[in-house]
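Below you will find the structure I want to go over with you.
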């Protein structure tokens, strides 16, 4: 099974120093990969660099044999890479429906531009949204906003969906909903690359787990193996030994 | 009293178009553009060239210049503001100040300082409930209301409008949602250019055409945009009307030559009590 | 823009090319044959920008006429340095410094606006150089100017007197007054107001407006709204065009009395507002006595049709002429000497002369002269004010300025 | 020719002081002041009126003028900065500048309006003979310029100066430093105001006659041009910037004599166009101006 997204030797950062000091991750097609690690390990920076909001200094990002390195963020979205940031991930002054329409309207060269109706497939995934179409996105609750952001990222039918701590700050009810939705979306053939704080929930629905610490990939292992590790805590803090079994 | 209020309405209406342009540009580019006044002056002189020197009717010359001026602003943005896009609003503001001097003096270079007018017949007013109204004021009211409706339709119904509001709301997210920001910025300049061109013509019809005509409106235009809430087009429209009426009515109380003080006090009051203005959203810090 | 004939361009190029090279040597070589520098500061930009060009042309032609007739002080040529004062005081002050220190001028002429005159006054008096202005504000010649400041224009208050009398003659019972916040407008307004009160006429309203206002609706509403029989409006061209458009479209029908610098400005007002808005506007302006022989010669010098009325250019012609004659009489280019000869040359007693070249011949022959120039009879009071200037009174009918009368204060 | 150069250098001196004030407020303090023309007028008029009406001697009148403009700037900063960012600050200062100019033009009971104030006394004006006075005035201006640069350098190196540079880097970071940020910025703007007052007083002493037309918003363009050409933050650079701008401005008067084909009114418009375009080009290609900031290499946000 070929890999859909390959990250090679990626270096990036703000100002002088590099936050990503050579990252290698491969996302197999149709799989869910969760990245865990302490704060400041560069998880969010990685997603921002993949999305194109931050320029990669060295290394490459290949999506289905196509290098994204010198593509602008909108071009990357067209190439099939969609991204849900951790915060400020919806247009607060636009209505829910407008948020959903925005992404589709600018898929100029993709056939799915036709018709502004939101595909019923999406409505089935996010039952709560149709009732709120007219509402101002800023007035939604935390969970609803996350759902909306998720839905917007999916309207462009991406190959790979990147999520930056989707469950952050959510009530338990919405947390399980989010992870169920990720599973359903993955079931439909969308590969998922997820950064998550509460590792246990995330790893349950993931295939592979990547542990990052201060700009390096410390460990790549099967999610369930990582789950059984007793000193997950230490792993989590990044001083893990390399005894994990390569996937 | 009623007549002064109506005069205020007319002054306010003239301010709506440039105020709309300022709000649109601020929404997308995140800096107040100080060249707005001289842009109106230059556009008015371009219309003067077609209308008086080539003898075209005013309406056609305005339409032609409005479209051409939109394109011109895109080119100017490409040369002036695009290289400074990431440099913070102060640098952009100072650049817009410099641009303002350049545009105003291009008009002065070409046409000198003498006052001029468009080739339109001035007509006696007609009376309505003992208020005197003249043809130009009627045209002004109709034109700017149409412009406001067109803007409203554009921003709410049309994809371009939605995208512009999205870029204004959250530029980074807009990129990641597939919106080509450069294209949206070009559209914003084009629409602002048309608004400013028509605004310049309305000013030229109302008073004489002279190089400083645009910049004399600058403080009032900013006051209107801020009162309405920077970034909110509906706010700019209402803000302009309020500024116009309040400053004309104030002349019954204070000496008329201090009229410019009124927009200034409005700005100060707004900043103290309600910085996001009547309709604006609180200014989120990135 | 006026076209520069080939000959004139060559002449200016010659003069200009000489400047940078000659400048360092200029002040050393005051010997025989060196040219006599005269500084000319005129507004080519700013709110008085419309009046500079013709005044400069008059100065150039007068100097050329004197030079071609052999110059003065034994064949020395007059050399003009013409600069743009931008209707601004600080620019004019810098220019005056430049004329005195760089070009070593002993005579500064032109100075149309009051700000320019006021800022250059202390500089001229301090450096003992003659300053000739054509601005109206009284303050220019007030105080001790040690005979270095001369006004080739009517005093602002005299304008007010003439206009006030005309208003009474025209039989207006009540009038409104509005004026631009400007040094020479305020004295006119005050004098007209005082005249109205003494003549028992009522002033329904009086207000002042700023230059470059976005709109003049409130001012027009307040003054014309009271429906006085006539409104006196004093200001400059740009504001007057806006005001009259507002008055016409507001349906007001009070008669309007204004100054020619705003209601004519070499035809630019009628061009801007159109004949029917300008219909019936009366405007006054100190003007040369067009019947005077000196003015007729000036018209020929300018190569203009004989019905052409120049308002300001004759002043610069007279200024250059008086400088030349005074220097010739004092037999010295130094202002300290010839400034005392201005009154004898202009007021006489002596033979009445209206052509500068003939006057120079007589002066060289040692005969007393009483010069009367193009702009006026050129008679001065000791502190530099000009006497015997009259004001023209026109009314705009059918898009044309119809001359009504010539009135003296 | 020499005395003309002396006079022009005097003008360069007090224009440089004005540019230093702008540089201090904007370059180091991060607050852009578009009301420069109005505040400059306030300084000149206050100094002149203190002498003509208040009978103060030139020294106290200058101090008075500096205090008045500093107070005005403090109030402006207090009203505006308490709430919002520099976008609004620029607009408010623009409005205040316009308002001050209008007051100077219309309150003729105080400022004699368009007629302007004449006969402004000069420091030691009666003691020094007129023909040598210009040398003294130049010396005084250079001394005051040097004093201003020294004073600003002292502040820039002091702890207060370090806070200022932090403020300039990023308001968000600065905001987290808590309440005294506002007071630091008010003080910065007020100190800048005092320097504007000094420049204004010198303007009065030089021209001896002031009227509203001298304070048009071209003054703002020159000050910004000088600061940007000089490189924001570097005092020495700003002085070079002011000199370059003045030479460009006064020099173009000679241009008129060399290119007679151009009419003077076209030339005046061209000169301002050059200044405007120069402003933009400098911003685009030489944001850090021609001089390094004396110590640390700072990249702007």
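All chains are identified by letter, namely A, B, C and D, in their written order; residue positions are counted from 1 within each chain.
Going forward, contacts are C-beta pairs under 8 Å (C-beta built on N, C-alpha and C of every residue); 3 or more make two chains touch, one makes a residue touch a chain.
Just so it is clear, the model here is predicted, and its values are computed rather than measured.
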Ask   = Imagine subunit B is simply missing while all the others stay put: what groups of chains do you get?
value = A | C, D
Between subunit A and subunit C, the fewest steps along chains that touch one another = 2
Remark   = Taking each chain's centre as the mean of its CA atoms, the one lying farthest from the centre of subunit C is chain A
Message = Taking the mean of the C-alpha atoms as each chain's centre, how many Å separate subunit A from subunit D?
response = 53
Message = Report the inter-centroid distance (CA atoms only) between subunit B and subunit C in whole Å.
response = 40
Task = Please work out the Cα centroid separation of subunit C and subunit D, and write it as a whole number of Å.
result = 35
Note = Rounded to the nearest Å, the gap between Cα centres of subunit A and subunit B is 42
For subunit B, residues that touch 2 or more chains besides their own = 108, 112-113, 255, 257
Query = Using the touch rule from the top of the page, what residues of subunit C touch 2 or more other chains?
reply = 45-46, 49, 181, 208, 210
Task = Pull out every residue in subunit A that's touching 2 or more other chains.
result = none
Request  = Examine which chains touch each other and state the graph shape they make (line, ring, star, complete, other).
outcome  = other
Note = Listing every touching pair of chains gives A-B, B-C, B-D, C-D
Query = For the complex, which residues does subunit B have touching subunit C?
reply = 3-4, 7, 10-11, 14, 108, 112-117, 121-125, 127, 132, 134-137, 203, 206-208, 210, 212-213, 216-217, 220, 248, 251, 255-257, 259
Query = What part of subunit C is in contact with subunit B in the complex they form?
reply = 45-47, 49-50, 181, 207-210, 212-219, 221-222, 225, 237-242, 245-246, 248-251, 265, 268-269, 271-274, 276-277
Request  = Under the touch definition given earlier, write down the residues of subunit B that touch subunit D in their complex.
outcome  = 26, 31-32, 34, 80, 83-84, 87-91, 93-95, 97-102, 105-106, 108-109, 112-113, 218-219, 222-223, 226, 230, 255, 257-258, 260-261, 263-264, 267-268, 271-272, 275, 283, 285
Residues of subunit B that touch subunit A when the two form their complex = 159, 162-163, 165-166, 168-170, 172-181, 281, 284
Query = Considering the complex alone, what residue numbers of subunit A touch subunit B?
reply = 51-53, 72-74, 77-78, 82-83, 85, 88-94, 98, 101-103, 105-107, 138, 152, 156
